[in-house]
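Both of the next two complexes hold subunit A, though its partner changes from subunit B to subunit C.
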Partner chain A sequence: MNALRLQTLSRTETALLGVAGVLLFFGIWSFLSLSGLVPHQFLPAPYEVAGRFIELLGTPFAGATLQEHLASSALRFAYGFLLGAAIGIPLGLLMGWFRVLDEIVSPIFDGLRFIAPIAWVPFAALWFGTGIGGPILIIFAGAFPPCLINAYRGARFVPRPLIEAAQMLGTGNLRIIVEVLLPASTASIVAGLRVSAGLGWQSLIGAELIVASTGVGFMMVQAQLDASTPTVMSAMIAIGLVGLAIDVALRALEAAVRRRGLA
Partner chain B sequence: MSRRSAIGLATIAALALVWYLATMPLEWISPGRFPSPLDVWLALQQVTLTGYANGLLYQHILHSVNLVVLGFLVAAGTGVPLGLLMGWSARAEALINPVFLLIRPIPPLAWIPLAILWLGLGDAAKIMVIWFAAFVPSVINSFTGVRSIEPAVIEAARMLGTPRGRFVREILIPAAGPMIFTGLRLSLQASWTTLVAAELVGAIYGLGKILNVAQTDLYPGMIFVGMACVAIFGWATTRVLAGIETRSLSWIQLAEARP
Partner chain C sequence: MAAITFDAVQKTFARNGTGIVAVERIDLVIADEEFVAIVGPSGCGKTTCLRMVAGFEFPTSGSVSVDGRRVTGPGPDRAVVFQQFALFPWKTVHDNIALGLRNKGVAREERESRIAKAIAIMNLQGYETAFPHQLSGGMQQRVAIARAYVLDPDVLLMDEPFGALDAQTRVAMQEELVRLARINPRTVLFITHSVEEAVYLADRVVVMSRRPGRIKEVIDVRAVRVAEKWDRIERIEDVMDHESFIHWRTHIWRSLREEKSAHE
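Let's turn to the complex of A and B:
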């Protein structure tokens, strides 16, 4: 039988199989599209999607070019994500330090957590409109919980001796939080930021599908109404690329934190 | 009662009181922005007795829960075996992983317009989107689960000539079990998020449809009812999954309890 992990592949074998996999994927896609097995309107060939993608960079669709839609999405994302981090991380650390706060906030937080971020859309639209405020609330709803949870966990798992040493030296609460808990839980916080960026980006796309008049999600809905599959697919690729870029940036941050020995 | 749950109950009671005071006697918050407890009660009555957004509350709930469970089962049924296979065979991993990495950055919700284009506003499109959403966590965690099995265990099984079927049933699945369930839990969450989003974009029934209609009607009481239902049934399905996990992984406690 095939052994697990005991079986190792050479580098070239891995690379060849990888290339074969990707070629197979695009091959099946092209075959389904070009042979007419799937109506062409529903599944354009890969090169047509690529062509449409490049076209969208120059010609506006639904009021703006692809990169303009992406820019307005990215701006909303930045606001919502930063807001989630700016409230979630300090609150998580405070909850990790003051037990009363933990006991008061936890039941509320646990109750709200089961509401999918996207279910906030109607209230978000009602309270903050569909321009920029509404979508920011949705991103916040996605990005806030991982920030809070990871800061809280990080703070709770700080080694006791560190805290005791600080207390023995008469360090005040605020300084313990900023100078002991925060550095000791940085690794956990950064890991939380990565999760929260992923959820925030995905929530934003959802929000833009439902309520927005700009942004890449809005563009997708317009393309869907126009039954323009290549445009929908181009937007999906763009969304994937931006999501990937955000993840790569936060991975770099994670690595930098580890190098500086904060972890 | 522990101090923790006492404070928890007190918080929730205080919150309920503030909610009542702020919306009804004091009117700090306008009823057009956030519903009072009475508004929520009336909305609940309306949707359960006379119906709202094409149906009664229980029909919407049944519809949504049904789709979540179906989509989740399809995703778990395909994702877990694929993850196990990729963990099992280095060849399968080398072949599939690059394609997987190519598709993975596209967030599940971004598949909704394509699903509607392909399959319309009916149930099939929702199941397809849930499948894409819930598939990824199932694959990744099953894969990690297999990779974390002790090599010594595998070698011992090999040395004893364990047949393939028995190996999968008695070593692979139990040892990767906890990770598989972690993946399934994430899959279930993703299923709910995606279904609600898909129903908000376009649907005929479902909890997301209630939210959608309530949003256009500017009906805060009904929005509240819809959100509460999403939270309650999201929680309930998670509990069911946790129950299944404890039952099927009871061997872990047994093993730990032994001296």
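Let's turn to the complex of A and C:
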């Protein structure tokens, strides 16, 4: 959307337009489903999906309720995402500071990062089967590059006088990374975390379609085998909602960082 | 003792494949506790001279040494005050000043007392927990000077420290620096665009030529100051009204103007 044009709209107008969009979406969906234009088996009506969604919160499907599947997905996500951040951010900062490390890591990294996370699935399956390691590897593959890239860029764009000031104050290399590069790159790092979380969460569902025995992705595959479209769609909605929640949380973190003047 | 020595220093920068000579054949000895100001046209390499003493850059040939030791990199024995302050925006005034002492491993008690002293000398009491962006430019530069002074450095390097300040703040800071130099004399290398500032503050003023920068002239202001008793004069504007001050200011101005017209 054009930001400049949105500014000329009032808050109420913006809200109304949003509501109109949602109504239109559900209107078309209902029409396609109820009119029989699309076979009911392929596209159930919105109220049926909503009913199934609520049902899944109480009745187990594929071994667990919807929220249990979500919890197991979220746990995997947390592992992969935190691992990506825990390795990506320090490595990015180190590469931003130590030229030699940059030259060693960059070619490998640039080669590997163009392999889509989902392309790691066969490899993950070979290594981990349906254990927790597989999905974590795939989430990691999605979450790691943005963490590294943003920490690296943040470190490279630290104003030179700040680094020189730290050096003349006798700050050692590692202390400069912690005391100067890290705080100066915070805004960039948090922005990276947001991208990371988005990619990680998307990759996770892909991973669970194939290499897991619990989780929302696994649930979707089982529902597909059952030809239960409402279940598949309920899972999709749950994925969207959780993804949104993760993004909202990280956006709040971003805003908090900006308020503290670290941007 | 703690003297700065430039010995046949030349510095060449590579730019677009060709070498640009920034400074050429700089020979200069700055004595212990002497205050030397370098003035010169823009791009004459005066900042480069300071950066070589700081250890941010190295001579292409010749050598720069401090206290008889060749400079190999930056360090807290040569504290720098930057034109754009270069305070850490995420650290409070107190923590900005504390970093150097923490790096040195100064024990907490001594550290706090030295920080308190530096804060008092620079009139920063009450701003310990403020962040740099909450302070005016003049205040920020006081913090930067306190951050340098608290280290008790042998050498203080000031790179157009008042260049970013408005005229009134600038005068106040100049007076403050003179006061500080009396309480706590240090070897100072001071880079400036302002001829008045150089004559007012320095023991000796070094005039540099346009690029490639060479030392054109060195003026011993200290002798004049002592002879004419400037130190007895409280206000900067009264010193600047003094006949001897005007004489040297005009002399340096002419010298710089020759450089400018030679360029055109």
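The rule is short, and it goes like this: the second predicted complex is superposed on the first by the 245 of 263 C-alpha atoms of A that agree within 3 Å, B and C clash if a C-alpha of one lies under 4 Å from a C-alpha of the other, contacts with A are read in each partner's own complex, and residues count from 1 in each chain.
Everything that follows uses one rule, which is that a contact is a pair of C-beta atoms (placed from the backbone, for glycine too) under 8 Å apart; a residue touches a chain by one contact, two chains touch by 3 or more.
If you're wondering where the values come from, they're calculated on a predicted model, not measured in any experiment.
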Partners on subunit A (subunit B, subunit C) - clash or fit: fit
Between subunit B and subunit C, more extensive residue contact with subunit A: B
First, second, both or neither for A:Ile104, with subunit B first and subunit C second: first
Contacts of A:Leu17 with subunit B and subunit C, given as first, second, both or neither: first
Touching partner for A:Met168 - first (subunit B), second (subunit C), both, neither: second
Contacts of A:Phe31 with subunit B and subunit C, given as first, second, both or neither: neither
First, second, both or neither for A:Phe157, with subunit B first and subunit C second: neither
Which superposed partner A:Pro183 touches (first subunit B, second subunit C, both, neither): second
Partner chain in contact with A:Ala119 - subunit B first, subunit C second, else both or neither: first
Per-pair minimum CA distance [subunit C against subunit B, superposed on A] in Å: 14
Interfacial residue positions of subunit A with respect to subunit C in the complex: 159, 161-162, 164-172, 175, 179-180, 183-184, 186, 260-262
Parts of subunit A lying in touch with subunit B, wherever the complex brings them together: 1-9, 13-14, 17-22, 24-25, 42, 100, 103-104, 106-108, 111-112, 114-123, 125-127, 198, 201-203, 205-206, 209-210, 217, 220-221, 223-224, 227, 229, 232-233, 235-237, 239-241, 243-244, 247
Contact footprint of subunit A on subunit B as seen in their complex: 3-4, 7-9, 11-12, 15, 32-34, 87-91, 94-99, 102-103, 105-114, 116-118, 146-147, 149, 151, 154-155, 158, 164, 167, 189, 192-193, 196-197, 200-201, 208, 211-212, 214-215, 218, 220, 223, 226-227, 230-232, 234-235, 238
List of subunit C residues in touch with subunit A within their complex: 54-56, 73-76, 78-80, 82, 84, 86-90, 99-100, 103-104, 131, 133, 147, 151
